[in-house]
Amino acid sequence: MRPNRLHDLISLNKPALNAWLSCNSPYIAEVLGHCGFDSVTVDLQHGQLGMDAVPSLLQAISATAAMPLVRCSENNFGEINKILDSGAYGIICPMIDTRQDAERFVRACRYPPLGARSFGPARGLLYGGSDYFNAANSTLLTLAMIETVKGVQNIDDILDVTGLDGIYIGPNDLAISMGIAPGGNWEDAALGVTIRHIIERCQSKQKYVGIFCNDMAMASAMKEVGLNMLTPGNDIQLLRSAATARLAQLRG
Amino acid sequence: MRPNRLHDLISLNKPALNAWLSCNSPYIAEVLGHCGFDSVTVDLQHGQLGMDAVPSLLQAISATAAMPLVRCSENNFGEINKILDSGAYGIICPMIDTRQDAERFVRACRYPPLGARSFGPARGLLYGGSDYFNAANSTLLTLAMIETVKGVQNIDDILDVTGLDGIYIGPNDLAISMGIAPGGNWEDAALGVTIRHIIERCQSKQKYVGIFCNDMAMASAMKEVGLNMLTPGNDIQLLRSAATARLAQLRG
Amino acid sequence: MRPNRLHDLISLNKPALNAWLSCNSPYIAEVLGHCGFDSVTVDLQHGQLGMDAVPSLLQAISATAAMPLVRCSENNFGEINKILDSGAYGIICPMIDTRQDAERFVRACRYPPLGARSFGPARGLLYGGSDYFNAANSTLLTLAMIETVKGVQNIDDILDVTGLDGIYIGPNDLAISMGIAPGGNWEDAALGVTIRHIIERCQSKQKYVGIFCNDMAMASAMKEVGLNMLTPGNDIQLLRSAATARLAQLRG
Amino acid sequence: MRPNRLHDLISLNKPALNAWLSCNSPYIAEVLGHCGFDSVTVDLQHGQLGMDAVPSLLQAISATAAMPLVRCSENNFGEINKILDSGAYGIICPMIDTRQDAERFVRACRYPPLGARSFGPARGLLYGGSDYFNAANSTLLTLAMIETVKGVQNIDDILDVTGLDGIYIGPNDLAISMGIAPGGNWEDAALGVTIRHIIERCQSKQKYVGIFCNDMAMASAMKEVGLNMLTPGNDIQLLRSAATARLAQLRG
Amino acid sequence: MRPNRLHDLISLNKPALNAWLSCNSPYIAEVLGHCGFDSVTVDLQHGQLGMDAVPSLLQAISATAAMPLVRCSENNFGEINKILDSGAYGIICPMIDTRQDAERFVRACRYPPLGARSFGPARGLLYGGSDYFNAANSTLLTLAMIETVKGVQNIDDILDVTGLDGIYIGPNDLAISMGIAPGGNWEDAALGVTIRHIIERCQSKQKYVGIFCNDMAMASAMKEVGLNMLTPGNDIQLLRSAATARLAQLRG
Amino acid sequence: MRPNRLHDLISLNKPALNAWLSCNSPYIAEVLGHCGFDSVTVDLQHGQLGMDAVPSLLQAISATAAMPLVRCSENNFGEINKILDSGAYGIICPMIDTRQDAERFVRACRYPPLGARSFGPARGLLYGGSDYFNAANSTLLTLAMIETVKGVQNIDDILDVTGLDGIYIGPNDLAISMGIAPGGNWEDAALGVTIRHIIERCQSKQKYVGIFCNDMAMASAMKEVGLNMLTPGNDIQLLRSAATARLAQLRG
């Protein structure tokens, strides 16, 4: 099976730089893959796209060296099965608050006996290779989002679930759950402490840990702490930052 | 945040006239918005369209003065989140039978602490404005469909759920639930009594109440009773009524 | 080959009642086909759809008893070939002003030696049947639009082109070409006389003649004159007329 | 209501030969329908397509004599409702392990009082006919997939659920559930015995039974045993077998 | 008719800042419109999209304050008619080399007697308003691209064509036509002189002149010279510049 | 620039085995690419797809080792430019009858000074690489279809056009042009002699020559003669041959 570069980067002690796709354009997906990101994550949760768009977006990413990932819209067995069958090499699952949530997520991602994923890998077979069934369980990356106070409280239980590779931190929902407005200063005492606690728990249990970064200051700080995956903003934020800078320069 | 005209119409004591879109054509959506309806509801439940079509349909409605609403396909957290992120200004949720159903619906529609909606408003931010997070909970309309005998029995419990704005009556499923064929005479003793009971409960609790009308006689009667929202048939019914009238005239 | 009902209606001396599709929804296409129209014309010229939408729209019409027609976007060889390969049973071609225009149109529609259509009927074969190649030239309907003063002047030349079945009158462009505003009273002296002249030339040469009708008064008048095909408004006009009538009734 | 040919084939004691569509091309769907299959099943579970594609695919199948079926992505009320509203004449539901699963499946497929399907048949009305509501419960085919050891253990309970027409066997997931690699020799002692046991239970209870066949040897064997529905591979397997045979011949 | 802000900006002596869309995502189109550009141009020539995508992209732009423009794929009557019917408020036409080319372009854009555009404005009527037919000829902007040596030689003839509003300079094709590699230093003696000559001819004849800018240095210089429209890169360039900067910062 | 494997195969004296895609499914495109074909040709002429589908189909092929080619719908400058900008590595152009036709085709395919292709390679740059502009003219394959008696008469003139790589023979249109029914025995005296004559002219002028084969007997014969490219049927023919064989076996 085609190896998952994200696993390799762990042993190289290098963070995966991850792009975040929230529009439904396969061309944009391919452009991001060619920019040099290690992975491109299709955002089915907040992105402006649905399940029908996923196969073409993953094909576009597959035409580049970037690993194709998907954030599913929720912890749903059928949807996660479909995403994997379309060739995703990893799933980021939102709103994992308990061990039961994490077990349900793993159940959808792994073939028996580890999980209950149904067989029919379709595009996964094309992208992954003919030995897909044997190697999928160890190749595909499963990341649970910790983004509520409850999730933080249960983090050790969550991290102990067999078949779960690690955590992807959602700082905005986490802030809201703590009563802090989203998009603000992540280093705000309570939020910063909580984020660093999540990271510490993952690292102490030798689990994968990634994070969505609202700005580059956050990305740089997170790189320092040794995160495995950094997402420096999504497609829209990248586009808007460049567009508004140019408009300001020409209007100013 | 862009105000929700449907709230304004309440204080003006005027019913919102609502179009119902069951095809996946953004052009038809925009045409309906330009006809003068106060809102256009994209029907994800029985409409011939899926989640992938929603963003373009809401964009089309956003190019008009009509408020963009969606009837979700079921009381599903992930789907409702996606719909709101695409810029819907209200959700009509089918099959709310109990207080628990209503609470689950509200949980999906409102940001914490009122609910558990995940943050990432995407197109909602474009259409609603930069203060979306602060104003969304009070701006977006949440209507639960009462369309079973069980729902009618639990209506007071349902109406008491915090964060639920009101009820949208589904007369056809309600009829079936009562053992009456759908599409028939709504004033049929049992059905008419039940519908008027639902309306009375909403009005006595000062909650929003709307209804889908199978024909214009029903719409006129409902207007008399002071409903807040009237849907005078869906796109297909409008199209068929005009087409068959013209065919009859030319064939007759 | 599946017979073309539009040919049969000629011998029955009955006008074909034709629906006009300007949106890209296969569901709307199928609904129109089920309303009882004899044919449904997909409008590639002014409709809000492009060539990619044509196959699905023709499939939808093929699931009904109505004959699938297309108005091409212009007198273009490649496009007309593609439309026919997708299973259209007739082409209405805009802006035919001269014999040369008409010959070019026929060249695109008919297989050699009558024309130069390229072979590869694809969906045409599915819908038409395995003897498609032998029967297509005599089955598919070819209608040239006369809609300019120049076209009227050359009508006899145009009608004499072998392989052309007849004329479809475009009253709005014809009006503009005569210096009259579109959408007005078609019986306006000059316009009415011209339209009746076109009809008379077609009928005297025993050629097929159809027309787009801006309103039902026009459709009724045209039926009286014995036209072979009447289009009583397009999908948008049907929808708007029903919607605005209902809105007026509820607002009035 | 348009009769369901799959019911007729039972009384004729003939197996339905069923095509399996895993791509999102309406043209391929129509081609398969024209090949002579009795039914074409759109695979929403492992197919590379989502809910938005379903209406056009069912329209394409409706333009042929084949019955339109869908395998849903999971046992989900909202999705199954949508599929039926789009005109499917049968649902194959994966992963039915218990009587409760089967009851939930039937609840989504049947109108009250047998189930809880919501009314709004949309395209179903176009394809089925105006008496759809009255005849749908007895016309539409409901097949539960038995594809786990647990499902086999509960097969008698499952078969006894009112409103369930029968079973569709998924040999690959069943193999995995038994600890056997998928796609191998189905006659492998344990797997063959289990499959024959499932068939025997269905036949002894006079329930419908169909199966997906990995190869033609399996299909022939299953025909011998008297299965009601045989699926001789999916679209991709058919295409690949022809393509690789031709490539081998030209390269060899 | 809704006024064309691009005309207003001329009298205000302010350059229109124009976004350039080369992907087929309506969400990206709407985002660009909300960034504060005065117009968004859908690129049908080199963009990764075709005619079917145009209506939804223009709807998305119509939900913002930006004016919707389209660069057509070539000087084609049917395509330009379709684009305008979809509500574009201006056309940028590539490869105008001669007066005849410019006349053909104007013929497609203007209603008679100025041109030969066919009537059926569809979405144009929704976006523009009910007086569309009367005001379209004076409202819609027509810009011819000068991008070859031949076009430069004929610039005075081109600028004199009635109904043509001005010129949009394509520096890359112009460079190639002069034997210079595209994307290089636009101030390269020969190229810079030629671009300044085109601008001078437009300004001396009081015609509109815009340009595509490969970088911000070029955009600033062009602003100094008083161009009416500046395009500071396309969507892909904006996205890549932001993405590669962030990647470099995190990798460096 | 990524090398064009089709050029390499010439020097290896091996025929390119070419798949032919006539449906609009990117999944089918990718499947064909993985079957082992040297190239996959998207058929824009007779295929059931339009320009909007091309980018996603070419992305799908780009995720495999097969070279992405397109048959354009006709000899049209704008369309050919768009196809190449989407990353096609070769164009097969139908209906080349004269030297002038061939020159027009080359003009659309090659950058100046060899042709007049407009610069803006978009996806071509992603797939081909950053030196695309410099290497495109020598990398992209241009094949003119000879498929009429007139084309055969002018073959030497056509082959002498600079920038044209060779010929792709269309046996069905050629047969019709000669008064022979399409799809019959290609060895039929007149047709076989003509096809062999075309091949001989190409080979004597050391030009590339390919052919569409209606069946495997034809493909084998053509391989013997040393053709550079063989297309052993299209996707639909492959699918139908496998489907009807399996149906016959199970029904027989």
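Which chain is which? They are A, B, C, D, E and F, in the order written, and residues in each are numbered from 1.
Basically, contacts are C-beta pairs under 8 Å (C-beta built on N, C-alpha and C of every residue); 3 or more make two chains touch, one makes a residue touch a chain.
For clarity, every value in this text was computed on a predicted model and none was experimentally measured.
Farthest from subunit C, judged by the mean position of CA atoms in each chain, is A. Interface repeat of B-D: among C-D, A-D or A-E, over half of the contact pairs recur, by residue number, only in A-D. The centroid of the Cα atoms in subunit A and the matching centroid in subunit B are 34 Å apart. In this assembly, the C-alpha centroid of subunit B lies 38 Å from the C-alpha centroid of subunit C. Remark: subunit B and subunit F have CA centroids separated by 52 Å (rounded to whole angstrom). Taken residue by residue, subunit B touches two or more other chains at 22, 24, 27, 31, 48, 50-53, 55, 79, 122-123, 236, whereas all remaining positions touch fewer.
Chain contact topology: the protein chains form a pattern that is neither a line, a ring, a star nor a complete graph.
Of all possible chain pairs, the ones that touch are A-B, A-D, A-E, A-F, B-C, B-D, B-E, C-D, C-E, C-F, D-F, E-F. Interface residues of subunit C, counted against subunit B in their complex, comprise 15, 17, 19, 22-25, 27-28, 31-32, 35-37, 48, 216, 219-220, 223, 230, 232-233, 235-236, 238-244, 246-247, 249-251. Taken together, the subunit D residues at the contact with subunit B in this complex read 50-55, 77-79, 81-82, 85-86, 111-113, 116, 118-123, 133. Residue ranges on subunit C touching subunit D, taken from their complex, read 26-27, 30-31, 34, 55-56, 59-60, 62-64, 122-123, 126-127.
Looking at the complex, you find that subunit D touches subunit A at residues 22, 24, 43, 45-53, 73-74, 76, 79, 94-95, 147, 170, 172-173, 176-177, 179, 181-182, 236.
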